[in-house]
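Here come two complexes built around chain A, the first alongside chain B, the second alongside chain C.
This part shows the complex of A and B:
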(Lines of atoms letter the chains of each structure in order from A and count residues from 1; the text may use other names and numbers.)
(Lines give C-alpha, C1' and ligand atoms only; values in the text may rest on other atoms or scores of the structure.)
Protein backbone atom coordinates (compact mmCIF):
# COMPACT_ATOMS: atom_id res chain seq x y z
CA UNK A 1 0.00 0.00 0.00
CA UNK A 2 1.27 3.47 -0.86
CA UNK A 3 1.42 6.12 1.84
CA UNK A 4 1.96 9.46 0.10
CA UNK A 5 1.97 12.59 2.25
CA UNK A 6 0.46 15.73 0.72
CA UNK A 7 3.92 17.23 0.20
CA UNK A 8 4.99 14.12 -1.75
CA UNK A 9 2.30 14.71 -4.38
CA UNK A 10 2.44 16.82 -7.53
CA UNK A 11 0.15 17.62 -10.42
CA UNK A 12 0.61 15.09 -13.21
CA UNK A 13 1.51 12.23 -10.87
CA UNK A 14 -0.43 9.05 -11.63
CA UNK A 15 -0.95 5.50 -10.45
CA UNK A 16 -2.71 2.54 -12.06
CA UNK A 17 -3.50 -1.12 -11.53
CA UNK A 18 -5.21 -3.93 -13.42
CA UNK A 19 -8.16 -6.09 -12.38
CA UNK A 20 -10.09 -8.82 -14.19
CA UNK A 21 -13.87 -8.94 -13.78
CA UNK A 22 -15.15 -12.37 -12.72
CA UNK A 23 -18.53 -14.02 -12.36
CA UNK A 24 -17.87 -14.30 -8.62
CA UNK A 25 -17.50 -10.53 -8.40
CA UNK A 26 -20.94 -10.00 -9.97
CA UNK A 27 -22.49 -12.60 -7.68
CA UNK A 28 -20.87 -11.06 -4.59
CA UNK A 29 -22.03 -7.61 -5.64
CA UNK A 30 -25.59 -8.93 -6.02
CA UNK A 31 -25.39 -10.45 -2.55
CA UNK A 32 -24.15 -7.21 -0.99
CA UNK A 33 -26.48 -4.77 -2.75
CA UNK A 34 -29.56 -6.85 -3.51
CA UNK A 35 -29.54 -5.62 -7.12
CA UNK A 36 -31.08 -8.63 -8.89
CA UNK A 37 -31.58 -6.90 -12.23
CA UNK A 38 -31.40 -9.61 -14.95
CA UNK A 39 -29.06 -7.60 -17.16
CA UNK A 40 -26.36 -8.43 -14.61
CA UNK A 41 -27.57 -11.88 -13.55
CA UNK A 42 -29.31 -13.67 -16.44
CA UNK A 43 -27.10 -14.44 -19.43
CA UNK A 44 -30.00 -15.19 -21.79
CA UNK A 45 -31.69 -11.91 -20.85
CA UNK A 46 -28.47 -9.93 -21.39
CA UNK A 47 -27.95 -11.59 -24.80
CA UNK A 48 -31.56 -10.75 -25.75
CA UNK A 49 -30.67 -7.12 -25.09
CA UNK A 50 -27.77 -7.24 -27.51
CA UNK A 51 -24.90 -7.97 -25.13
CA UNK A 52 -22.47 -10.89 -25.43
CA UNK A 53 -23.20 -11.94 -21.83
CA UNK A 54 -23.99 -10.63 -18.36
CA UNK A 55 -23.17 -6.95 -18.02
CA UNK A 56 -21.05 -6.01 -15.01
CA UNK A 57 -22.65 -3.57 -12.60
CA UNK A 58 -21.44 -0.05 -13.31
CA UNK A 59 -21.09 0.48 -9.59
CA UNK A 60 -18.91 -2.62 -9.36
CA UNK A 61 -16.57 -1.08 -11.92
CA UNK A 62 -16.70 2.20 -10.02
CA UNK A 63 -15.92 0.44 -6.75
CA UNK A 64 -12.32 0.00 -7.92
CA UNK A 65 -11.95 3.76 -7.52
CA UNK A 66 -11.99 3.06 -3.79
CA UNK A 67 -8.93 0.85 -4.27
CA UNK A 68 -7.28 3.45 -6.49
CA UNK A 69 -7.51 6.09 -3.77
CA UNK A 70 -7.18 3.92 -0.68
CA UNK A 71 -4.28 1.76 -1.84
CA UNK A 72 -2.50 3.61 -4.65
CA UNK A 73 -2.92 7.38 -4.66
CA UNK A 74 -2.58 8.74 -2.08
CA UNK A 75 -2.95 5.35 -0.37
CA UNK A 76 -3.10 4.96 3.40
CA UNK A 77 -3.90 8.64 4.09
CA UNK A 78 -6.87 8.73 1.69
CA UNK A 79 -10.27 10.06 2.67
CA UNK A 80 -12.55 10.13 -0.37
CA UNK A 81 -14.75 13.23 -0.33
CA UNK A 82 -16.49 13.27 -3.71
CA UNK A 83 -16.72 11.04 -6.78
CA UNK A 84 -18.22 11.85 -10.17
CA UNK A 85 -18.36 9.12 -12.78
CA UNK A 86 -19.65 8.46 -16.27
CA UNK A 87 -20.06 4.92 -17.50
CA UNK A 88 -18.84 5.17 -21.07
CA UNK A 89 -19.12 1.55 -22.23
CA UNK A 90 -20.38 -1.77 -20.83
CA UNK A 91 -18.06 -4.15 -18.96
CA UNK A 92 -18.36 -7.94 -19.25
CA UNK A 93 -17.12 -10.97 -17.32
CA UNK A 94 -13.51 -11.65 -18.30
CA UNK A 95 -12.69 -8.03 -19.15
CA UNK A 96 -9.29 -6.92 -17.89
CA UNK A 97 -9.62 -3.36 -16.66
CA UNK A 98 -6.90 -0.80 -16.12
CA UNK A 99 -7.82 1.64 -13.36
CA UNK A 100 -5.85 4.88 -13.56
CA UNK A 101 -5.82 8.13 -11.61
CA UNK A 102 -3.87 11.29 -12.42
CA UNK A 103 -3.58 14.27 -10.10
CA UNK A 104 -4.95 17.37 -11.84
CA UNK A 105 -5.18 19.69 -8.83
CA UNK A 106 -3.73 20.05 -5.34
CA UNK A 107 -5.29 22.42 -2.79
CA UNK A 108 -2.79 22.97 0.00
CA UNK A 109 -5.07 24.82 2.45
CA UNK A 110 -7.40 21.86 2.83
CA UNK A 111 -4.88 19.14 1.84
CA UNK A 112 -7.10 17.92 -0.98
CA UNK A 113 -6.25 16.46 -4.37
CA UNK A 114 -8.37 16.05 -7.44
CA UNK A 115 -7.85 12.92 -9.50
CA UNK A 116 -8.87 12.52 -13.11
CA UNK A 117 -9.85 8.87 -13.27
CA UNK A 118 -10.23 6.55 -16.22
CA UNK A 119 -10.95 2.84 -16.44
CA UNK A 120 -10.19 1.17 -19.76
CA UNK A 121 -10.73 -2.38 -20.92
CA UNK A 122 -8.25 -4.75 -22.56
CA UNK A 123 -8.96 -3.15 -25.96
CA UNK A 124 -8.05 0.28 -24.64
CA UNK A 125 -11.67 1.45 -24.72
CA UNK A 126 -12.73 3.74 -21.85
CA UNK A 127 -15.48 2.14 -19.79
CA UNK A 128 -15.52 4.75 -17.03
CA UNK A 129 -14.24 8.27 -16.65
CA UNK A 130 -14.64 10.78 -13.91
CA UNK A 131 -13.18 12.86 -11.11
CA UNK A 132 -12.44 12.27 -7.45
CA UNK A 133 -11.78 14.73 -4.66
CA UNK A 134 -9.68 13.11 -1.96
CA UNK A 135 -8.43 14.52 1.32
CA UNK A 136 -4.94 13.52 2.43
CA UNK A 137 -5.30 13.05 6.18
CA UNK B 1 -13.03 45.44 -3.81
CA UNK B 2 -15.67 46.53 -1.29
CA UNK B 3 -17.16 44.52 1.55
CA UNK B 4 -20.51 44.46 -0.27
CA UNK B 5 -18.88 43.11 -3.43
CA UNK B 6 -17.16 40.31 -1.51
CA UNK B 7 -20.44 39.40 0.20
CA UNK B 8 -22.23 39.37 -3.15
CA UNK B 9 -19.64 37.05 -4.73
CA UNK B 10 -19.62 34.90 -1.61
CA UNK B 11 -23.40 34.57 -1.86
CA UNK B 12 -23.03 33.31 -5.45
CA UNK B 13 -20.39 30.79 -4.29
CA UNK B 14 -22.67 29.53 -1.51
CA UNK B 15 -25.62 29.26 -3.93
CA UNK B 16 -23.47 27.26 -6.32
CA UNK B 17 -21.91 24.95 -3.70
CA UNK B 18 -25.24 24.21 -2.01
CA UNK B 19 -27.19 24.28 -5.28
CA UNK B 20 -29.69 26.66 -3.69
CA UNK B 21 -30.48 30.04 -5.28
CA UNK B 22 -32.51 31.04 -2.23
CA UNK B 23 -29.46 31.46 0.00
CA UNK B 24 -28.98 35.05 1.16
CA UNK B 25 -25.93 35.69 3.32
CA UNK B 26 -25.42 38.24 6.05
CA UNK B 27 -22.41 38.79 8.28
CA UNK B 28 -24.17 36.78 11.00
CA UNK B 29 -24.85 33.70 8.88
CA UNK B 30 -23.31 30.54 10.34
CA UNK B 31 -23.33 26.82 9.57
CA UNK B 32 -26.41 26.53 11.79
CA UNK B 33 -28.38 28.60 9.27
CA UNK B 34 -27.67 26.42 6.21
CA UNK B 35 -28.77 22.82 6.52
CA UNK B 36 -26.08 21.21 4.37
CA UNK B 37 -23.16 23.31 5.63
CA UNK B 38 -21.05 20.52 7.13
CA UNK B 39 -17.31 19.95 7.33
CA UNK B 40 -17.10 18.51 3.80
CA UNK B 41 -19.00 21.42 2.26
CA UNK B 42 -16.80 23.78 4.26
CA UNK B 43 -13.86 22.38 2.30
CA UNK B 44 -15.72 22.92 -0.97
CA UNK B 45 -16.48 26.52 0.07
CA UNK B 46 -12.83 27.19 0.88
CA UNK B 47 -11.64 25.75 -2.43
CA UNK B 48 -14.28 27.72 -4.37
CA UNK B 49 -13.31 30.95 -2.56
CA UNK B 50 -9.62 30.41 -3.26
CA UNK B 51 -10.33 29.99 -6.97
CA UNK B 52 -12.84 32.85 -7.26
CA UNK B 53 -10.86 35.44 -5.28
CA UNK B 54 -7.44 34.09 -6.26
CA UNK B 55 -6.32 33.88 -2.63
CA UNK B 56 -4.85 31.22 -0.37
CA UNK B 57 -6.01 30.36 3.12
CA UNK B 58 -4.20 28.42 5.77
CA UNK B 59 -5.76 25.79 8.00
CA UNK B 60 -5.70 27.97 11.15
CA UNK B 61 -7.60 30.76 9.41
CA UNK B 62 -10.23 28.34 8.19
CA UNK B 63 -10.71 26.76 11.60
CA UNK B 64 -11.01 30.16 13.28
CA UNK B 65 -13.88 31.39 11.08
CA UNK B 66 -17.07 31.76 13.11
CA UNK B 67 -19.47 33.27 10.59
CA UNK B 68 -19.78 34.73 7.10
CA UNK B 69 -18.71 38.19 8.32
CA UNK B 70 -15.35 36.77 9.37
CA UNK B 71 -15.03 35.02 6.01
CA UNK B 72 -15.59 38.36 4.28
CA UNK B 73 -13.00 40.07 6.51
CA UNK B 74 -10.44 37.33 5.84
CA UNK B 75 -10.99 37.51 2.08
CA UNK B 76 -10.82 41.32 2.12
CA UNK B 77 -7.51 41.23 4.00
CA UNK B 78 -6.06 39.08 1.22
CA UNK B 79 -7.41 40.80 -1.88
CA UNK B 80 -6.48 44.34 -0.80
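This part shows the complex of A and C:
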Protein backbone atom coordinates (compact mmCIF):
# COMPACT_ATOMS: atom_id res chain seq x y z
CA UNK A 1 0.00 0.00 0.00
CA UNK A 2 1.31 3.45 -0.89
CA UNK A 3 1.46 6.18 1.73
CA UNK A 4 2.06 9.44 -0.09
CA UNK A 5 2.03 12.65 1.94
CA UNK A 6 0.57 15.74 0.29
CA UNK A 7 4.04 17.18 -0.32
CA UNK A 8 5.08 14.00 -2.17
CA UNK A 9 2.38 14.53 -4.81
CA UNK A 10 2.55 16.47 -8.10
CA UNK A 11 0.21 17.10 -10.99
CA UNK A 12 0.70 14.41 -13.64
CA UNK A 13 1.54 11.61 -11.17
CA UNK A 14 -0.44 8.47 -11.89
CA UNK A 15 -0.99 4.98 -10.55
CA UNK A 16 -2.81 2.00 -12.03
CA UNK A 17 -3.63 -1.62 -11.35
CA UNK A 18 -5.41 -4.48 -13.10
CA UNK A 19 -8.31 -6.57 -11.87
CA UNK A 20 -10.30 -9.39 -13.49
CA UNK A 21 -14.06 -9.40 -12.97
CA UNK A 22 -15.38 -12.70 -11.59
CA UNK A 23 -18.81 -14.21 -11.06
CA UNK A 24 -17.98 -14.31 -7.33
CA UNK A 25 -17.55 -10.51 -7.33
CA UNK A 26 -21.04 -10.04 -8.80
CA UNK A 27 -22.53 -12.50 -6.31
CA UNK A 28 -20.70 -10.86 -3.41
CA UNK A 29 -21.83 -7.39 -4.53
CA UNK A 30 -25.42 -8.65 -4.64
CA UNK A 31 -24.93 -10.04 -1.12
CA UNK A 32 -23.83 -6.63 0.17
CA UNK A 33 -26.31 -4.43 -1.65
CA UNK A 34 -29.37 -6.60 -2.19
CA UNK A 35 -29.42 -5.46 -5.83
CA UNK A 36 -31.23 -8.41 -7.39
CA UNK A 37 -31.67 -6.77 -10.81
CA UNK A 38 -31.75 -9.62 -13.40
CA UNK A 39 -29.37 -7.89 -15.83
CA UNK A 40 -26.60 -8.69 -13.32
CA UNK A 41 -27.93 -11.99 -11.97
CA UNK A 42 -29.84 -13.89 -14.64
CA UNK A 43 -27.74 -14.97 -17.60
CA UNK A 44 -30.75 -15.80 -19.82
CA UNK A 45 -32.28 -12.36 -19.11
CA UNK A 46 -29.00 -10.57 -19.91
CA UNK A 47 -28.65 -12.55 -23.16
CA UNK A 48 -32.25 -11.63 -24.09
CA UNK A 49 -31.16 -7.98 -23.76
CA UNK A 50 -28.32 -8.45 -26.26
CA UNK A 51 -25.43 -9.11 -23.88
CA UNK A 52 -23.10 -12.14 -23.99
CA UNK A 53 -23.83 -12.87 -20.31
CA UNK A 54 -24.48 -11.24 -16.93
CA UNK A 55 -23.49 -7.56 -16.93
CA UNK A 56 -21.31 -6.36 -14.05
CA UNK A 57 -22.99 -3.77 -11.82
CA UNK A 58 -21.75 -0.28 -12.76
CA UNK A 59 -21.29 0.46 -9.08
CA UNK A 60 -19.18 -2.71 -8.73
CA UNK A 61 -16.82 -1.35 -11.40
CA UNK A 62 -16.87 2.00 -9.56
CA UNK A 63 -15.94 0.20 -6.32
CA UNK A 64 -12.40 -0.21 -7.59
CA UNK A 65 -12.02 3.57 -7.31
CA UNK A 66 -11.97 2.91 -3.55
CA UNK A 67 -8.86 0.77 -4.02
CA UNK A 68 -7.31 3.27 -6.43
CA UNK A 69 -7.51 6.01 -3.79
CA UNK A 70 -7.09 3.99 -0.59
CA UNK A 71 -4.24 1.74 -1.70
CA UNK A 72 -2.51 3.44 -4.66
CA UNK A 73 -2.90 7.21 -4.85
CA UNK A 74 -2.52 8.66 -2.28
CA UNK A 75 -2.85 5.35 -0.38
CA UNK A 76 -3.10 5.15 3.40
CA UNK A 77 -3.90 8.85 3.97
CA UNK A 78 -6.79 8.85 1.48
CA UNK A 79 -10.18 10.27 2.42
CA UNK A 80 -12.53 10.36 -0.56
CA UNK A 81 -14.77 13.45 -0.59
CA UNK A 82 -16.45 13.32 -3.97
CA UNK A 83 -16.74 10.95 -6.93
CA UNK A 84 -18.16 11.48 -10.41
CA UNK A 85 -18.40 8.55 -12.81
CA UNK A 86 -19.79 7.94 -16.28
CA UNK A 87 -20.33 4.39 -17.43
CA UNK A 88 -19.54 4.25 -21.14
CA UNK A 89 -19.48 0.51 -21.97
CA UNK A 90 -20.75 -2.65 -20.28
CA UNK A 91 -18.40 -4.86 -18.25
CA UNK A 92 -18.72 -8.66 -18.30
CA UNK A 93 -17.45 -11.58 -16.22
CA UNK A 94 -13.89 -12.37 -17.32
CA UNK A 95 -13.07 -8.80 -18.38
CA UNK A 96 -9.65 -7.63 -17.28
CA UNK A 97 -9.92 -4.00 -16.24
CA UNK A 98 -7.14 -1.45 -15.88
CA UNK A 99 -7.98 1.11 -13.22
CA UNK A 100 -5.97 4.31 -13.57
CA UNK A 101 -5.85 7.62 -11.74
CA UNK A 102 -3.85 10.71 -12.65
CA UNK A 103 -3.51 13.80 -10.47
CA UNK A 104 -4.89 16.82 -12.34
CA UNK A 105 -5.07 19.32 -9.48
CA UNK A 106 -3.58 19.85 -6.03
CA UNK A 107 -5.11 22.31 -3.55
CA UNK A 108 -2.56 22.85 -0.80
CA UNK A 109 -4.77 24.97 1.49
CA UNK A 110 -7.07 21.99 2.11
CA UNK A 111 -4.58 19.20 1.26
CA UNK A 112 -6.86 17.94 -1.48
CA UNK A 113 -6.10 16.29 -4.79
CA UNK A 114 -8.24 15.83 -7.85
CA UNK A 115 -7.80 12.56 -9.67
CA UNK A 116 -8.90 11.96 -13.26
CA UNK A 117 -9.91 8.31 -13.39
CA UNK A 118 -10.37 5.89 -16.26
CA UNK A 119 -11.20 2.21 -16.26
CA UNK A 120 -10.38 0.40 -19.50
CA UNK A 121 -11.11 -3.19 -20.51
CA UNK A 122 -8.76 -5.74 -22.13
CA UNK A 123 -9.68 -4.41 -25.61
CA UNK A 124 -8.63 -0.89 -24.65
CA UNK A 125 -12.23 0.31 -24.47
CA UNK A 126 -13.03 2.81 -21.72
CA UNK A 127 -15.80 1.44 -19.50
CA UNK A 128 -15.73 4.21 -16.88
CA UNK A 129 -14.47 7.78 -16.85
CA UNK A 130 -14.65 10.14 -13.96
CA UNK A 131 -12.98 12.22 -11.32
CA UNK A 132 -12.45 12.08 -7.59
CA UNK A 133 -11.74 14.69 -4.96
CA UNK A 134 -9.59 13.16 -2.24
CA UNK A 135 -8.26 14.64 0.99
CA UNK A 136 -4.77 13.61 2.12
CA UNK A 137 -5.19 13.35 5.91
CA UNK B 1 -38.52 -5.35 -7.37
CA UNK B 2 -40.22 -2.45 -9.10
CA UNK B 3 -40.55 -2.35 -12.86
CA UNK B 4 -41.58 1.17 -13.82
CA UNK B 5 -41.80 2.01 -17.50
CA UNK B 6 -40.73 5.51 -18.55
CA UNK B 7 -44.36 6.60 -18.98
CA UNK B 8 -45.14 5.52 -15.39
CA UNK B 9 -42.63 8.04 -13.99
CA UNK B 10 -43.13 11.67 -12.99
CA UNK B 11 -41.00 14.40 -11.47
CA UNK B 12 -41.31 14.28 -7.68
CA UNK B 13 -41.76 10.50 -7.45
CA UNK B 14 -39.49 8.99 -4.82
CA UNK B 15 -38.52 5.63 -3.37
CA UNK B 16 -36.48 4.77 -0.30
CA UNK B 17 -35.24 1.80 1.70
CA UNK B 18 -33.26 1.20 4.87
CA UNK B 19 -30.11 -0.85 5.34
CA UNK B 20 -27.92 -1.51 8.37
CA UNK B 21 -24.14 -1.48 7.84
CA UNK B 22 -22.45 -4.64 9.13
CA UNK B 23 -18.85 -5.72 9.63
CA UNK B 24 -19.51 -8.49 7.10
CA UNK B 25 -20.33 -5.84 4.46
CA UNK B 26 -16.97 -4.12 5.03
CA UNK B 27 -15.12 -7.45 4.90
CA UNK B 28 -16.98 -8.51 1.78
CA UNK B 29 -16.28 -5.15 0.09
CA UNK B 30 -12.58 -5.60 0.90
CA UNK B 31 -12.78 -9.09 -0.62
CA UNK B 32 -14.18 -7.70 -3.86
CA UNK B 33 -12.01 -4.62 -4.22
CA UNK B 34 -8.76 -5.45 -2.45
CA UNK B 35 -8.98 -2.10 -0.65
CA UNK B 36 -6.95 -2.91 2.46
CA UNK B 37 -6.82 0.68 3.73
CA UNK B 38 -6.56 0.49 7.56
CA UNK B 39 -9.22 3.18 8.17
CA UNK B 40 -11.77 0.56 7.06
CA UNK B 41 -10.05 -2.58 8.35
CA UNK B 42 -8.07 -1.87 11.50
CA UNK B 43 -10.17 -0.76 14.46
CA UNK B 44 -7.19 0.52 16.49
CA UNK B 45 -6.00 2.61 13.52
CA UNK B 46 -9.48 4.09 12.98
CA UNK B 47 -9.76 4.94 16.70
CA UNK B 48 -6.31 6.60 16.56
CA UNK B 49 -7.76 8.84 13.82
CA UNK B 50 -10.64 9.96 16.05
CA UNK B 51 -13.35 7.53 14.94
CA UNK B 52 -15.36 5.22 17.24
CA UNK B 53 -14.38 2.22 15.10
CA UNK B 54 -13.79 1.07 11.53
CA UNK B 55 -15.15 3.57 8.99
CA UNK B 56 -17.31 2.18 6.18
CA UNK B 57 -15.82 2.63 2.72
CA UNK B 58 -17.44 5.61 0.99
CA UNK B 59 -17.84 3.53 -2.13
CA UNK B 60 -19.58 0.83 -0.06
CA UNK B 61 -22.18 3.40 0.99
CA UNK B 62 -22.40 4.48 -2.66
CA UNK B 63 -23.00 0.84 -3.69
CA UNK B 64 -26.53 1.08 -2.34
CA UNK B 65 -27.28 3.51 -5.17
CA UNK B 66 -27.10 0.42 -7.38
CA UNK B 67 -29.99 -1.09 -5.41
CA UNK B 68 -31.89 2.20 -5.38
CA UNK B 69 -31.87 2.31 -9.18
CA UNK B 70 -31.92 -1.39 -10.03
CA UNK B 71 -34.59 -2.51 -7.54
CA UNK B 72 -36.60 0.58 -6.55
CA UNK B 73 -36.62 3.42 -9.07
CA UNK B 74 -37.02 2.61 -11.90
CA UNK B 75 -36.27 -1.02 -10.96
CA UNK B 76 -35.85 -3.78 -13.52
CA UNK B 77 -35.41 -1.47 -16.57
CA UNK B 78 -32.65 0.57 -14.91
CA UNK B 79 -29.39 1.26 -16.72
CA UNK B 80 -27.19 3.65 -14.76
CA UNK B 81 -25.29 6.08 -16.98
CA UNK B 82 -23.75 8.53 -14.56
CA UNK B 83 -23.34 8.97 -10.79
CA UNK B 84 -22.13 11.92 -8.74
CA UNK B 85 -21.70 11.56 -4.99
CA UNK B 86 -20.40 13.70 -2.16
CA UNK B 87 -19.54 12.04 1.14
CA UNK B 88 -20.47 14.44 3.91
CA UNK B 89 -20.18 12.37 7.11
CA UNK B 90 -18.52 9.09 8.06
CA UNK B 91 -20.53 5.86 8.25
CA UNK B 92 -19.83 3.25 10.93
CA UNK B 93 -20.69 -0.40 11.54
CA UNK B 94 -24.19 -0.55 13.04
CA UNK B 95 -25.43 2.62 11.34
CA UNK B 96 -28.90 2.33 9.88
CA UNK B 97 -28.96 4.19 6.58
CA UNK B 98 -31.98 5.45 4.67
CA UNK B 99 -31.29 5.49 0.94
CA UNK B 100 -33.64 7.79 -0.95
CA UNK B 101 -34.02 8.83 -4.56
CA UNK B 102 -36.37 11.45 -6.00
CA UNK B 103 -36.93 12.09 -9.69
CA UNK B 104 -35.96 15.67 -10.54
CA UNK B 105 -35.92 15.46 -14.34
CA UNK B 106 -37.32 13.26 -17.10
CA UNK B 107 -35.94 13.43 -20.65
CA UNK B 108 -38.41 11.63 -22.89
CA UNK B 109 -36.33 11.75 -26.10
CA UNK B 110 -33.71 9.45 -24.56
CA UNK B 111 -35.94 7.81 -21.89
CA UNK B 112 -33.65 9.08 -19.15
CA UNK B 113 -34.39 10.15 -15.60
CA UNK B 114 -32.34 12.17 -13.19
CA UNK B 115 -32.52 11.09 -9.58
CA UNK B 116 -31.51 13.29 -6.66
CA UNK B 117 -30.14 10.91 -4.04
CA UNK B 118 -29.54 11.26 -0.34
CA UNK B 119 -28.34 8.72 2.21
CA UNK B 120 -29.11 9.63 5.82
CA UNK B 121 -28.06 7.87 9.02
CA UNK B 122 -30.20 6.96 12.05
CA UNK B 123 -29.57 10.43 13.56
CA UNK B 124 -30.93 12.15 10.46
CA UNK B 125 -27.47 13.25 9.34
CA UNK B 126 -26.82 13.17 5.59
CA UNK B 127 -23.84 10.93 4.87
CA UNK B 128 -24.08 11.05 1.07
CA UNK B 129 -25.70 13.42 -1.41
CA UNK B 130 -25.65 13.08 -5.13
CA UNK B 131 -27.41 12.54 -8.38
CA UNK B 132 -27.76 9.78 -10.93
CA UNK B 133 -28.63 9.72 -14.62
CA UNK B 134 -30.48 6.50 -15.39
CA UNK B 135 -31.82 5.16 -18.68
CA UNK B 136 -35.12 3.28 -18.61
CA UNK B 137 -34.53 0.51 -21.15
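In this text, the second predicted complex is superposed on the first by the 137 of 137 C-alpha atoms of A that agree within 3 Å, B and C clash if a C-alpha of one lies under 4 Å from a C-alpha of the other, contacts with A are read in each partner's own complex, and residues count from 1 in each chain.
We adopt the following convention: a residue touches a chain if its C-beta (ideal position, glycine included) is under 8 Å from a C-beta of that chain, and two chains touch if they have at least 3 such contacts.
Being a predicted model, the structure only gives us computed values, none of them experimental.
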item	value
Touching partner for A:94 - first (chain B), second (chain C), both, neither	neither
Touching partner for A:109 - first (chain B), second (chain C), both, neither	first
Touched partner set for A:67, first chain B, second chain C, both or neither	second
Chain B versus chain C as contact partner of A:81, first or second or both or neither	both
Which of chain B and chain C A:19 touches, first, second, both or neither	second
Chain A residues touched - chain C or chain B, whichever exceeds	C
Which of chain B and chain C A:135 touches, first, second, both or neither	first
Overlap of the chain B and chain C footprints on chain A, listed as residue numbers	81-82
Contact footprint of chain A on chain B as seen in their complex	40, 43, 46-47, 50, 56-59, 62
Residues on chain C engaged by chain A in the complex (per definition of touch)	1, 19, 25, 28-29, 31-40, 49, 57-60, 62-67, 70-71, 75-76, 78-87, 137
Chain A to chain B touching residues, read off their complex	81-82, 107-112, 135
